[in-house]
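There are two complexes below, and they share chain A, which is joined by chain B in the first and by chain C in the second.
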Partner chain A sequence: MPHNATPLHAIPVVTVSAGLRAGELSGNAPTLLREIAEMLRRLLATDAGSAIDLQALPLTPADLIWLRARLGEGEVAVTLNADGDSSLNETACPGVWWVTHRNPQGAVVSEFIEVAYVPDVVRAPREDVVIGLESLESLSAELS
Partner chain B sequence: MPHNATPLHAIPVVTVSAGLRAGELSGNAPTLLREIAEMLRRLLATDAGSAIDLQALPLTPADLIWLRARLGEGEVAVTLNADGDSSLNETACPGVWWVTHRNPQGAVVSEFIEVAYVPDVVRAPREDVVIGLESLESLSAELS
Partner chain C sequence: MHGPLIETLARQGVTRRTFMKYCATLASMMALPPAAGRAMAEAMAAAPSASKRPSVIWLPFQECTGCTESITRSHSPTLEGLIFDVISLDYQETLMAAAGHQAEEALHAAMKANEGKYLLIVDGSIPLALDGAYSCIGGKSNLETLKEVAKGAAAIVAMGSCAAYGGLPRANPNPTGAVSVADVIKDKPIINIPGCPPIPVVMTGVLAHFLTFGSLPELDKLGRPKAFYGETIHDRCYRRPFYDQGKFAKTFDDEGARNGWCLFELGCKGPITHNACATVKWNGGTSWPVESGHGCLGCSEPDFWDGGGFYKALSMPANPLKMAAGAAVAGLAAGAAVSIVNRGKKSSARAAHETTTLADLEK
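Take a look at the complex of A and B:
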């Protein structure tokens, strides 16, 4: 999970009017593109990744489709199978990842844009590598 | 592609006898497990990743099946779609990735074991992030 989320109040979006339908653009998506650019500048300057929780913002389904089309498709896709599937798809904008978490029944439970050289979940934690090495050493000892 | 391959002469395998069939174990796979453990120790000590080219070693198909079963399946899988598909599957041993590159016709062209916190190809290169940011800024300027 992204550990360094951009504070939502920092993104100057307007509230989606109650009358707006799913197929209509709220006008907030271009603001989000500018926010992503700012997140990329921060990544380049400080190596710090960050993420936007798309469900916490006043975006319509049409906004998400518009945004995804503008960001495009990249070459790298990551799937994570742990208590439901997650997909992390690199966009055509390197360093910008579209992240979707699903529950074991396949329903989307959260959706993020993560800005990072590598999404957090892909990195093997050092402590896990230590434990895995111990298992491998035990296995090698049994075999010899 | 892994940039830091283990020199093959450093892995003390024996030559597969000409009479060995595809379904037979050559006896080399346990040696490879010990080599992978050594690569993990190096990763933990120096952060340096490394890789073994499985096609450059005297391994039978049965050896590869045996090895893959011993390493197990992890939670993370990466696909890379660029001039043929590549898959990078984390094994149950964190930091050990089974990497398969295919040509556009789907045939396996190379197979590696990569030892790294994150496989090289997943990381967005900094220079690509700079170029992507410029595109995003142009797009934002057009929209405003």
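Take a look at the complex of A and C:
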């Protein structure tokens, strides 16, 4: 190494935590509150559920934290174990659900705010209920 | 929700809830509204049964195998892999067990048995110079093979920027005379899936569409599926708010870079690049170039390799549309003519240069 080279420790490397890096509010989150209110009005009027794809919007991590804090924690928290864990948590506003889908490695693959009395995916699909009934019947047949 | 595909998946332990979750995520990746996830789940669940699996023939030409790497190394045994099980991949040199005459036999058997119905995937460009001698398989030039196999195909998927636009082999001065699939084949529907390499889920999305509807999805003017290439990297970038606020990193180690500000001034090609990296990300959703602190290279756009420098900020001429048309024409010319055109273009661009504002990009 030539004698005049900069020693490694003299290079000013500063690590910034992930939260700080994108830690600024973009100003895009508050408008979502109005959109969610409109979706709730539609749910009450027509029973039609709807959803917002959070990854489709220019939101910083700080925006998501802000939004989540404003919506608060509700009474119901559902964990779906299907090709990785998903959480479907009701917020403090009943009917507004914060849905996070994760892959088996734990990374978030999609994230939604869903407005519904119960999110679609929570309901047992009819075809699966039929399969469940069949296995229950064969179980009781084995016992008798 | 019922049909052959969902029942095949169910036998492999994939529940309907898992499938609904996958479709919700696929819809999000395809930039479709959330309600489309439910519709796709219904449609895809009813896709053709295993006995009628569509035949797929994959031909590698002048390429680096990066596209195959990208697809096969998408996070292992997920639903994406299972959907690949629902097609019949009859010829893929890198993956198939057969070799030599057996491999060529498999190709011809598949072509004969599924004539007019198979999906042809091509990765790599086709060299035309020296009668195509630059790239041959089994004693046949790529040009001959492409023409022969394309004849009986229902549609052709040009995988990666080489097959879609000629790619790196076509970079100035293009010693092998490389061209794209669309330059050779004129009488078949061709879908371009550019990227160097393309995102795995884009391939899956196109296959899902082919399985579901038996047709190709809606394409843009460059033959790319609108679902994935409909918006620019810039429009969907999580650093976009910093662009809007005028906060830019000026070097790769300044305060702006550490704070994750916009990389526009460091040469990011996000504003002119149509791809889904910003939403889909790479390596199982871990990260993507901009998130790793590097600007977009624009690898899903034609001629990105001759764009004049990955670290030069995009200059916005007063009339960007005219510029784009000029660049496309220049791409067709060759050798000295190109450099003369480029010189002229460069000086006119310099003369017309104006500072870019948000309003310019949103026009």
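Heads up, the rule we're going with is that the second predicted complex is superposed on the first by the 123 of 144 C-alpha atoms of A that agree within 3 Å, B and C clash if a C-alpha of one lies under 4 Å from a C-alpha of the other, contacts with A are read in each partner's own complex, and residues count from 1 in each chain.
Heads up, the rule we're going with is that a contact is a pair of C-beta atoms (placed from the backbone, for glycine too) under 8 Å apart; a residue touches a chain by one contact, two chains touch by 3 or more.
Not measured: the values here are computed from a predicted model.
Within the superposed three-chain model, A:V121 lies in touch with chain B and with chain C [touch as defined at top]. Touch criterion met: A:L80 reaches chain B and chain C at once. Looking at the shared chain after the overlay, A:L143 reaches chain B, while chain C stays out of its contact range. Contact with neither chain B nor chain C is seen for A:I65 once the two complexes are overlaid on the shared chain. In the superposed model, A:A107 makes contact with chain C only, not with chain B.
Once chain A of one complex is fitted onto chain A of the other, the partner contacts of A:E24 are limited to chain C, with no touch recorded for chain B. Note: residues 80, 82, 121, 125, 128 of chain A belong to the chain B contact set and to the chain C contact set alike, using the contact criterion stated above. Contact residues on chain A toward chain C in their complex (touch as defined above): 14, 16, 20-22, 24, 26-28, 50-53, 55-56, 58-60, 80, 82-83, 86, 101, 103-105, 107-110, 112, 114, 120-121, 125, 127-128.
By the touch rule above, chain C contacts chain A in their complex via residues 1-2, 14-18, 20-22, 24-25, 28-29, 31, 33-35, 38, 75, 78-79, 236-242, 244, 258-260, 279, 284-286. Within the complex formed with chain A, the residues of chain B that make contact are 30, 33-34, 36-37, 40-41, 43-44, 70, 75-82, 90, 92-96, 116-118, 121-126, 128-133, 135-137, 139-140, 143-144.
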